[in-house]
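What follows is a structure written as structure tokens; I'll ask about it next.
By letter and in written order, the chains are A, B, C, D, E and F; residue numbering begins at 1 in each of them.
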Amino acid sequence: ITVISKLERRTVAYHESGHAVAGWFLEHAEPLLKVTIVPRGTAALGFAQYVPSENLLMTKEQFFDRTCMTLGGRAAEEVLIGKISTGAQNDLEKVTKMTYEQVAVYGFSEKVGLLSFPQRYDGFGMDKPYSGQTASMIDTEVRELVAKAYNTTTELIRKHKDKVAQVAELLLEKEVLHQDDLVRVLGERPFKTAEPTNYDRFKQGFMDSEDSKSAEVDPSSSVGEAVPT
Amino acid sequence: ITVISKLERRTVAYHESGHAVAGWFLEHAEPLLKVTIVPRGTAALGFAQYVPSENLLMTKEQFFDRTCMTLGGRAAEEVLIGKISTGAQNDLEKVTKMTYEQVAVYGFSEKVGLLSFPQRYDGFGMDKPYSGQTASMIDTEVRELVAKAYNTTTELIRKHKDKVAQVAELLLEKEVLHQDDLVRVLGERPFKTAEPTNYDRFKQGFMDSEDSKSAEVDPSSSVGEAVPT
Amino acid sequence: ITVISKLERRTVAYHESGHAVAGWFLEHAEPLLKVTIVPRGTAALGFAQYVPSENLLMTKEQFFDRTCMTLGGRAAEEVLIGKISTGAQNDLEKVTKMTYEQVAVYGFSEKVGLLSFPQRYDGFGMDKPYSGQTASMIDTEVRELVAKAYNTTTELIRKHKDKVAQVAELLLEKEVLHQDDLVRVLGERPFKTAEPTNYDRFKQGFMDSEDSKSAEVDPSSSVGEAVPT
Amino acid sequence: ITVISKLERRTVAYHESGHAVAGWFLEHAEPLLKVTIVPRGTAALGFAQYVPSENLLMTKEQFFDRTCMTLGGRAAEEVLIGKISTGAQNDLEKVTKMTYEQVAVYGFSEKVGLLSFPQRYDGFGMDKPYSGQTASMIDTEVRELVAKAYNTTTELIRKHKDKVAQVAELLLEKEVLHQDDLVRVLGERPFKTAEPTNYDRFKQGFMDSEDSKSAEVDPSSSVGEAVPT
Amino acid sequence: ITVISKLERRTVAYHESGHAVAGWFLEHAEPLLKVTIVPRGTAALGFAQYVPSENLLMTKEQFFDRTCMTLGGRAAEEVLIGKISTGAQNDLEKVTKMTYEQVAVYGFSEKVGLLSFPQRYDGFGMDKPYSGQTASMIDTEVRELVAKAYNTTTELIRKHKDKVAQVAELLLEKEVLHQDDLVRVLGERPFKTAEPTNYDRFKQGFMDSEDSKSAEVDPSSSVGEAVPT
Amino acid sequence: ITVISKLERRTVAYHESGHAVAGWFLEHAEPLLKVTIVPRGTAALGFAQYVPSENLLMTKEQFFDRTCMTLGGRAAEEVLIGKISTGAQNDLEKVTKMTYEQVAVYGFSEKVGLLSFPQRYDGFGMDKPYSGQTASMIDTEVRELVAKAYNTTTELIRKHKDKVAQVAELLLEKEVLHQDDLVRVLGERPFKTAEPTNYDRFKQGFMDSEDSKSAEVDPSSSVGEAVPT
């Protein structure tokens, strides 16, 4: 059986702390439910669980903050450990997918324009429906958008460097942290939503019986729900 | 069950109002039947229903105005809410398809010329029948045509900003608006057709028994009939 | 049932008149049998029927004039109605096909040279047998050849503008015109063939029993026989 | 039944005469057996039959002269009739194939070099085994080689213009010409082979019983045997 | 039966010695278990066996050192024998694969950015999910990263040239070398890991019963375990 | 039945002599067993048979000399006959394959680098695993490497022009030449191998019973064994 090394456990803790802290200070990111370094299933070394998004509409700002939150793990590795690892692969895959959707499906890129090519993601073996020049333009837009999000994220992580370390060390100690643990370290989340959100409803149930509620978060259902390492 | 949030409901109302108002002031757009923020089926958050086009021929001008009307939702989001969302995806997909048809099938682009490549849309796994250079030229023409239509649309929405807001607020209140509701807010539609149109015949039946007539509008049949969000 | 509008009927009449008048004044075009605005089958709004070509050989000049005749409908829309419509789609498809054949199969383009790639049109899913550079050269030659033919056609239509209008108005009145109707409006066709042609033989039969003879013209058999709208 | 027109018959005669005269004055072309304007099968309007090549090796010079001979029909159309027709399509297809073989299979192009990509012609749906740049280099070499051969051919045809006309007129009169008919018009073929060739053996049999021998020439077996129009 | 020549045996010994010595002096490479010039199976002429990596995370530094260790065989051929052979093919294939993963899957290249395209390696017949421009950027990054690793490796081999020769000669004499043999020639490995590693545990078992333990190293399981020639 | 002409027989003799003489004076080429102008099977007009390579490793130098030896036939045609023919096609195909392997599989090109893409030759219908830019770089490297080998070869053939003619004339006389025939014309091969080689062992058997030994050379097994024309 594979045993996780001390160094790897530390890397996972900082990585997950990066997700948690980034999400905490990003207005349009989903609120965090719990963060843990206990592996879930075979793939993930740790994960941070968020209130599942029930949005029917996603704004450009929400996409951007979700991207930053997802890149928070890698940013924490780079800023606090000084080394990057393969641990962010799954995060990068999600970021790649969601950024292509913004640029080529939702019309969020001014250069590419108000065009939508969703068929691209269903068909297989299919020729791209656009020219090589457009494909190249889409790639460049995606690359720049991700680079911009990563800059924002590393700045955020650098600014809250001590907090990231504190959360990571607490994670190494307790293995699982809930929202109130984070409140103790990070203070109250600086954003309020005007109307009672799904989150509030969710949190209500969460307070009563954590495990059963938690089961409602289907980890396989969609991009925005959980950010495993 | 997913509950639509207040903010999303407001976004949908402004989006649908954008379609309705844009269509109202575009000479060659189909006349509106009703507009609603009551979701239809699983995909649409709201929709605006138009008199189904019975044109056997479509002119370049009709294509342009239909494109603007379809982009009206996104333009209203941008101009009045100041944020763009994923809600326009279906609109953009329609605009993409109809603009490629104008450029690569109907010979409406001077640069691409009087060539028609309709096979493109039937075959699958097929190599494009033209060169990469032509593919790139087609893409550029499509992009410029859509950009031009969106500029026209945002100007129109900006000019009628107050009307869009009024219609949206009325929608939030009444959920469904019919043509006479719009007449009260927007005044009579400023265009007349010379001869009795299909619309007139349609409206006649519509006055008598709205629901039964409405069933004649097959929502799946073609591009121009309805513009769901 | 779809009813054709007055405006559409007028567009069809001018479109068909464009085919007929263009063919009349082009030396190498096939002689016209009849022109009508009565729809044939589901696709066509009207059509002009020509003596089926029994040529075993086609010259470059015959291809050019046939291309112009096929573009005559669109040219008439543009010159006399001032609007272009989707009604020319089928014409453009034919023009596209026959011009690619001239350039890439029959060696009529000096730039592309005496090369013939007929396999292109049989196989499917096939890679083009030539490079992207050659594909681009072929496309450019096709585009320029079609543009040249359209220029010739619009000049011709402009020159005979009044005749096109007269034939169109007569079509709106009588719905079907035969060659002798055209002779009355346009005068005798200004070209003679040296030897008794298939046309003469055809016309002979045509005079005796129009309908039965007409049945010999198989509308589905080949490019040059009929030009439906 | 399709009847060949007088003009077409004349075009065919000049086309076939072009093949025959070109081959006559090209040292490395196969000697002519007969030339006819009686159609063979469904595709050919006429054809020139050559002694089947029994070469196991083909030199670059033989390829070049065979290319010129194959282009002789089109050259005669252009030089003597002043019009080019679709009648050369089959010739161009052969020229295209044999020139690609020289450049991409037999290593006869200095630029492309001593590389051989024969798999190209077997596989289907296959990606080219070389880059787009190489594909473009191959195309350019092919195009230049064919252009050079056509220049040589039109010069040859221009030089022997009167002979081409004489042979063509004789063809229109007699429909089939044998080698001795050509000798009467063109004089003895100006090239001798050093050793008794297959041709000599062939001719021997040919003298005895033309038709039966002629049956030994399998028209479908290979590129160089016959040049139907 | 194929008999290995003396020269080939010598090449194999230097190749394997190159792997062993490179790995010895690279901090982040896996520690060596044994190195041998006795062929294993049909493909390998010799191999160096390493402690199987049980890392759940791989850092960029670990990838780099593993790349250098894998290139150590080719570097030893070039530096000490002065000739390169086909013996490194399998090494190069591994290096190619692992470097593409760093650049296109793990986001280790700054130019390509934090994008991940893992689907590329599963699907077959699939179009690349990115543009030709991005494909070219990925290739360039891979090429530069491999070139950098090879420079580092040849420098290292040059620096330890005498040691490589000594290990190679010892290999020719004894055919199999274990870690303590290397310690005698190369001295203690200059790197320590802070905590007891899997290697220590592994070595423990290895000391007791080498052959049975050795069987636990599944030679087919993954990239980093063994480097056969 | 196809009878080989005197001229073709002569070409074949010079072609085979080119292989034999080139191999004789290239240090790293395999030693010759016999050379003949008696056709083997249906494809080959003649062939030169070499000691089958039992090398487990091939060096860059061995690849180069084998390439030159394989190009020796074409070089002899060009230098001594002054004409090139299709007779080298099979040689060029082998050269193409082995040079692509050096550049894209064995990492012998500095520009392309230490990358290996062997999957290219197994899969079918597969997209190349690298970009168009890399494909173009590989093609250019292959082209330059082959051009360099051909230059070396023609220089070698020019230098030994008289010997090539002598061997060819002897071949025309005797049809089959063995190694000792070549020794009489060319002198002893100027290279010795240090240790008893497979060749020596082979030659031993060859002296005893040529035909039976010769049967051990499986003509279909691999690239380097025999060079049929």
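Following the convention adopted for this analysis, contacts are C-beta pairs under 8 Å (C-beta built on N, C-alpha and C of every residue); 3 or more make two chains touch, one makes a residue touch a chain.
Please read all numbers here as calculations on a predicted model, not as lab measurements.
Student: Strictly by the touch rule at the top, which chains does subunit C share as contacts with subunit E?
Tutor: Output, common partners of subunit C and subunit E: nil, no chain qualifies.
Student: If subunit A and subunit B share one sequence, what is the angle of the rotation that overlays their CA atoms, in steps of 5 degrees?
Tutor: Roughly 60 degrees of rotation.
Student: Centre to centre, using CA atoms, which chain is the farthest one from subunit A?
Tutor: D
Student: Could you classify the subunit B-subunit C contact as same or different, where same means more than half of all interface residue numbers appear on both copies?
Tutor: Result for this pair: different.
Student: Provide the C-alpha centroid distance between subunit A and subunit E, rounded to the nearest whole angstrom.
Tutor: 35
Student: With centres defined as the mean C-alpha position, give me the subunit A-subunit F separation in Å.
Tutor: Chain centroid spacing, subunit A to subunit F, equals 60 Å.
Student: Which subunit E residues sit where two or more other chains touch them?
Tutor: If we look for residues of subunit E contacting two or more partner chains, we find 125-127, 132.
Student: Touch graph across the chains, line, ring, star, complete or other?
Tutor: ring
Student: Should the ring be read from subunit C with subunit D in second place, what is the ordered list of chains?
Tutor: C, D, F, E, A, B
Student: Where on subunit C is subunit D touching in the complex?
Tutor: So the residues of subunit C touching subunit D come out as 54-61, 105-108, 112-118, 123, 125-127, 130-134, 194-195, 197-198.
Student: Which of the residues in subunit E come into contact with subunit F in the complex?
Tutor: Going by the criterion above, the answer is residues 2-8, 11-12, 45, 71, 74, 83-89, 92-93, 95-96, 124-128, 132, 135-136, 138-140, 142-143, 146-147, 150.
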